[in-house]
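Read through the structure below, which is laid out as structure tokens, and then see the notes.
So that you can tell them apart, the chains are marked A, B, C and D in the order they are listed, and the count of residues begins at 1 in each.
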Amino acid sequence: MSFNTFGHMFRVTTFGESHGVAIGCVVDGCPPMIPLTEADIQQDLDRRRPGQSRFTTQRQEPDQVKILSGVMAHPETGVQVTTGTPIGLLIENTDQRSKDYSEIKDKFRPGHADFTYEAKYGLRDYRGGGRSSARETATRVAAGAIARKVLPDVKVRGALVQMGPHKIDRDKWDWDEIAKNPFFCPDKDKAAFFETYLDGIRKSGSSIGAVLEIVAEGVPAGLGAPIYAKLDSDLAGAMMTINAVKGVEIGAGFGAAELTGEENADEMRTGNDGTRFLSNHAGGILGGISTGQPVVVRFAVKPTSSILQPRRTVDRQGADTEIFTKGRHDPCVGIRAVPVGEAMMACVLADHFLRDRGQVG
Amino acid sequence: MSFNTFGHMFRVTTFGESHGVAIGCVVDGCPPMIPLTEADIQQDLDRRRPGQSRFTTQRQEPDQVKILSGVMAHPETGVQVTTGTPIGLLIENTDQRSKDYSEIKDKFRPGHADFTYEAKYGLRDYRGGGRSSARETATRVAAGAIARKVLPDVKVRGALVQMGPHKIDRDKWDWDEIAKNPFFCPDKDKAAFFETYLDGIRKSGSSIGAVLEIVAEGVPAGLGAPIYAKLDSDLAGAMMTINAVKGVEIGAGFGAAELTGEENADEMRTGNDGTRFLSNHAGGILGGISTGQPVVVRFAVKPTSSILQPRRTVDRQGADTEIFTKGRHDPCVGIRAVPVGEAMMACVLADHFLRDRGQVG
Amino acid sequence: MSFNTFGHMFRVTTFGESHGVAIGCVVDGCPPMIPLTEADIQQDLDRRRPGQSRFTTQRQEPDQVKILSGVMAHPETGVQVTTGTPIGLLIENTDQRSKDYSEIKDKFRPGHADFTYEAKYGLRDYRGGGRSSARETATRVAAGAIARKVLPDVKVRGALVQMGPHKIDRDKWDWDEIAKNPFFCPDKDKAAFFETYLDGIRKSGSSIGAVLEIVAEGVPAGLGAPIYAKLDSDLAGAMMTINAVKGVEIGAGFGAAELTGEENADEMRTGNDGTRFLSNHAGGILGGISTGQPVVVRFAVKPTSSILQPRRTVDRQGADTEIFTKGRHDPCVGIRAVPVGEAMMACVLADHFLRDRGQVG
Amino acid sequence: MSFNTFGHMFRVTTFGESHGVAIGCVVDGCPPMIPLTEADIQQDLDRRRPGQSRFTTQRQEPDQVKILSGVMAHPETGVQVTTGTPIGLLIENTDQRSKDYSEIKDKFRPGHADFTYEAKYGLRDYRGGGRSSARETATRVAAGAIARKVLPDVKVRGALVQMGPHKIDRDKWDWDEIAKNPFFCPDKDKAAFFETYLDGIRKSGSSIGAVLEIVAEGVPAGLGAPIYAKLDSDLAGAMMTINAVKGVEIGAGFGAAELTGEENADEMRTGNDGTRFLSNHAGGILGGISTGQPVVVRFAVKPTSSILQPRRTVDRQGADTEIFTKGRHDPCVGIRAVPVGEAMMACVLADHFLRDRGQVG
């Protein structure tokens, strides 16, 4: 039923709440003989980890991953490799600050899943967002690290390209800048601006949205399928599973609505390495199948609703009231979604790579 | 593997190419005892049918649907109802104009799936787009008509809200206008403008993109699930399976990136009928679960690449060449996507309704 | 949800009732470039077709299959091949004899699905068994014919090895005999005996059960997976979907319960073509994965309950009554299940072949 | 792809090897508000735990289960209940005796999955059977304990009904005896006999097969579905996923092959509580749907191939050699499969209960 599973051949099932014992996931269908250590995964987790700058929640979690199964030392080489059996991953929760939840427990925070969880299940884990906590995304990042190893020739990178109404200057795009600022921003100047801008948001107890872009280079032509297994459909669905995401677009995206057919269609020429496209409005996908060009996905992340300003709401008993969220929060949750978006891209591509190999050989 | 199936409990499997014998689908998992006739389905198909104005392809297809299985006359009432077994639907292809395909057969049309189909499968059905023809969407509309009957209290309607750079005036939104112009446009004045505008596009042999909006009213709170079965994720994936769609957004969508937390969060008050939201930036979905407000999805449709202007491309042998597409085409394929988007919305909601009833009761 | 779909990569979705317009199926995930004509499929359908001897129901159906989609003439060779897109198959119902169903309509036939369909759905298609008719199996046979083409080096054959209490003499097993008698019986002498035996059953208006054996030779080692995707699990599940099947076993099967570990384990030696097993108690599967030996499955088919002798039952209103089934029936439905079992074996193997290729390459 | 997942609405995904850090599973789709503690699960695990008599392997594992997620104290009652989100379960491996695996590491044990794992994946975890260890079944028993709570009115019990060629006397069936002997045997006298019989097997370093029967009482009529989601198909597939199982039958099973239609069909009368069947050859399932009678499944477990007698085999390099398995082993692995079979029955029923509620309401 895929309640908490995504993927078909490369399948990820996650579990865990923000304030439970641990979170984790099972990665199933991974090919055998792929070198894999905890350090490989930890590297990606560390990029997502909160509390690394004043611009993300101050929750301190080491996010130390343990591989519980699915790997062993290769009998000849001694290198730890995957065995083809399910890979269980565990990340313990350590900083479940025993704070006062009485405010949240009985009131529905506007913009949060509080109301809908109760409407569906009759109760909700109010501690730290429970299942809908951004913490769940750590398990995806861990799974994504494995997916990357399934596709060693594919390079998946992400960037923040807009914060609030402020877009980066795409002519200044420099991937090397990403690691040099706390925003995953590829435009050095804009990153400097965001520092001041987001400080203002943060200090006022407010929050702001963002747009991220994930790019996969080296994706072979032929991944995806015509109709309901379109690569772009699975990417859109995958990005939309990330908390707070409200929009997804491929290539020219919503901009394509404003283009004419002759502007939008990417012309082709034969180059030294086969077919060459003269532009990439398609974002690397035509008819649901990869073209061999970079796969480009953008998604919008709404501002977190956990803010210091009081908002009107109702409580569990149905009475009108007000609420404001004390404690640590992310002034721009979009920032930390960059490694998460990369992970989802990697997982979807790994899945389609295996599916394509299955059907077409 | 879901190559050509979507949904979990309410499942639709489609088949058929533009120029084969027939197209069709199997609707599986439909509850029993739902009154259903071919006329119920035909009504929706007729709204999608091409050739009804000069703004859609002139292919003439009656799109007459046949129910092959899954219904019977109720033993007591005599009313034809579903039996709970799979509903087979068939639509014969009649207007497979025997035109000259020699141009398309060996050249890849830029912006089409020609190149990627060949890259994946080694061959492609070049006649009328084959599997990637807009014709496939007729089967979804048929399935959607059944989905609507699963949710009789939910009203799913769609509209064209932008053509090229021209957006409608949302203050002039009038659902009654939709049926009065060939664009499904709810803004009477803009519809008049589009008539002239699209004529220009059409006569120049060009094409243009569009943005559509699908709204579902009467959706009960509680449909969807927290993580990988989020209602918005399934909606985004579903809309992105429609040909030519390049972007999807829910509620405030990409606009949410520009909002602060206090602007974006929908405040709540208790009304006569339970909880009332004071705005709907969420588009009816929080944490992946419906709030009870209207579910609002928008998606961008790129301009068709079948245009009369010559474009640079390569042929199957890898030689550089040029191509232009003769014959009937849609100046704005987005128009006909309105009933298709409605159908996908209806199918996703029906699926989640059954899944929710399964888990929660 | 797999209500009417089986398989993961090679997926078959069937629809249709005994007395509707048509039955059919969609075969999805089939690799491209496989030569396929209607005649290829018809050949297998003809083996299943009823009315070919006095030992099967006298219903006369040509069972003429039409391919609706998913194939085209190869652009270079002109040979009709699969395209990788879904293959729609249709078989029209022609002999829906307009008989009197008043007896069946209101009474539940013991041993039939009448009672359970009504218990679940509130109604049932009483005409000819509706969805639970043996007629549905024609679509599986059609799908199986395609599955065989996915695995051209695998030979799937089936035989009737027991009728009532009478088992064949396995020392007299001759595959060539299968086509020479109306029972698919590989033991010539026993086939002669069955002729008389089953005539007695038939004339007395009774029916009898049977055991069938399906053998797949040429299956490469490595198909299947350790736990929930075990090849034997999928085979058992698949055979048990055939109407009237009440038991399935692999290799030594229930006989293995009586063996010691040293008797049951198949010893190995290295031969000219790699590892050679000295016996095949495993039925070609160890730990859920194929060994390279013949895969051997047996299943038990119960006697049809449509018999001429009156049985006690209840009617839809809950009153005690009696019923006996007039009209054409199969004295031993197990006979016609041979091609069906072969088809299910072929489909499961094709599915696992593609899944294995996907994961392991 | 369901490599390590089973079920559709009530879904279980397991991971873990015999000698890794831990084994575990994720139970997804469980309804909310079900009271659930670790003690509830531990109770069932303790019944499966090895080392409780001299007739099961002497491996000592406390099999202490931890619930990692998916439960919380009900905000009003304080009772720990499920939340509707995925339930992560963990069982640490403690007794991974550091024994000498050099013998097994390079030789394929006849009757084990050694050969096939290597054939598929190129390597295998030779320590304690790796993924194919009986240890994996502990996670199913844990999941089954939760499934039982989804269906509080259904009673699932299992028994050993045959060991080697020795069948119990069904007239002496007494469920109360099950807990009184180490064999889960309902026939007191036969249990006494098994004590001597299995001691002989054990002392000679041999092993023996068994047949188990699982009975579910209180199953409502209407669970299951006509064709590929037949309740008996899912039960057969589920039982066949248990290690060493080689055959499955429902109700009269293979015995039905020997019956006539009039003997096999279960007649019906109207009783005080609705329809009453006069016999249960169907094993509680007709046409794939439950009748309301007890659901009866039997399965055959082969003898373990880990025995003290030397057997001919080959090594990883392809050379002929001999092997015998030292160390702890189960003389009759079938014994411990009783709680596992119960768990699989409970999981399949819970899954079908939720699926039926989803489709039919």
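Descriptive notes on the structure:
FYI, a contact is a pair of C-beta atoms (placed from the backbone, for glycine too) under 8 Å apart; a residue touches a chain by one contact, two chains touch by 3 or more.
Computed from a predicted structure; not experimentally measured.
The chain with its Cα centroid farthest from the Cα centroid of chain A is C. Across the two interfaces under comparison, B-D and A-B, the one joined by more C-beta contacts turns out to be A-B. Centre-to-centre spacing of chain B and chain C amounts to 38 Å, using the average Cα coordinate of each chain. Distance between chain B and chain D, defined via averaged C-alpha coordinates, is recorded as 45 Å. The geometric centre of chain A is 27 Å away from that of chain B, both derived from CA atoms. Taken residue by residue, chain B touches two or more other chains at 1, 3-5, 8-9, 14, 29, 32, 84-85, 120-121, 131, 226, 355, 359-360, whereas all remaining positions touch fewer.
Chain B contributes residues 1, 3-5, 8-9, 11, 13-17, 20-24, 26, 28-29, 32-33, 66-70, 72, 74-75, 81, 83-88, 90, 105, 120-126, 130-131 to its touches with chain C in the complex. Partner chain C is touched in their complex by these residues of chain D: 1-6, 8, 14, 108-113, 115-117, 119-121, 131-132, 136, 162-165, 201, 206-211, 221-230, 232-241, 243, 245-270, 274-275, 278, 281-283, 285-292, 300-307, 309, 311-314, 318-320, 334, 355-356, 359-360. Residues 1, 8-9, 29-32, 84-85, 226, 354-355, 357-361 of chain C are the ones that touch chain A when the two sit in their complex.
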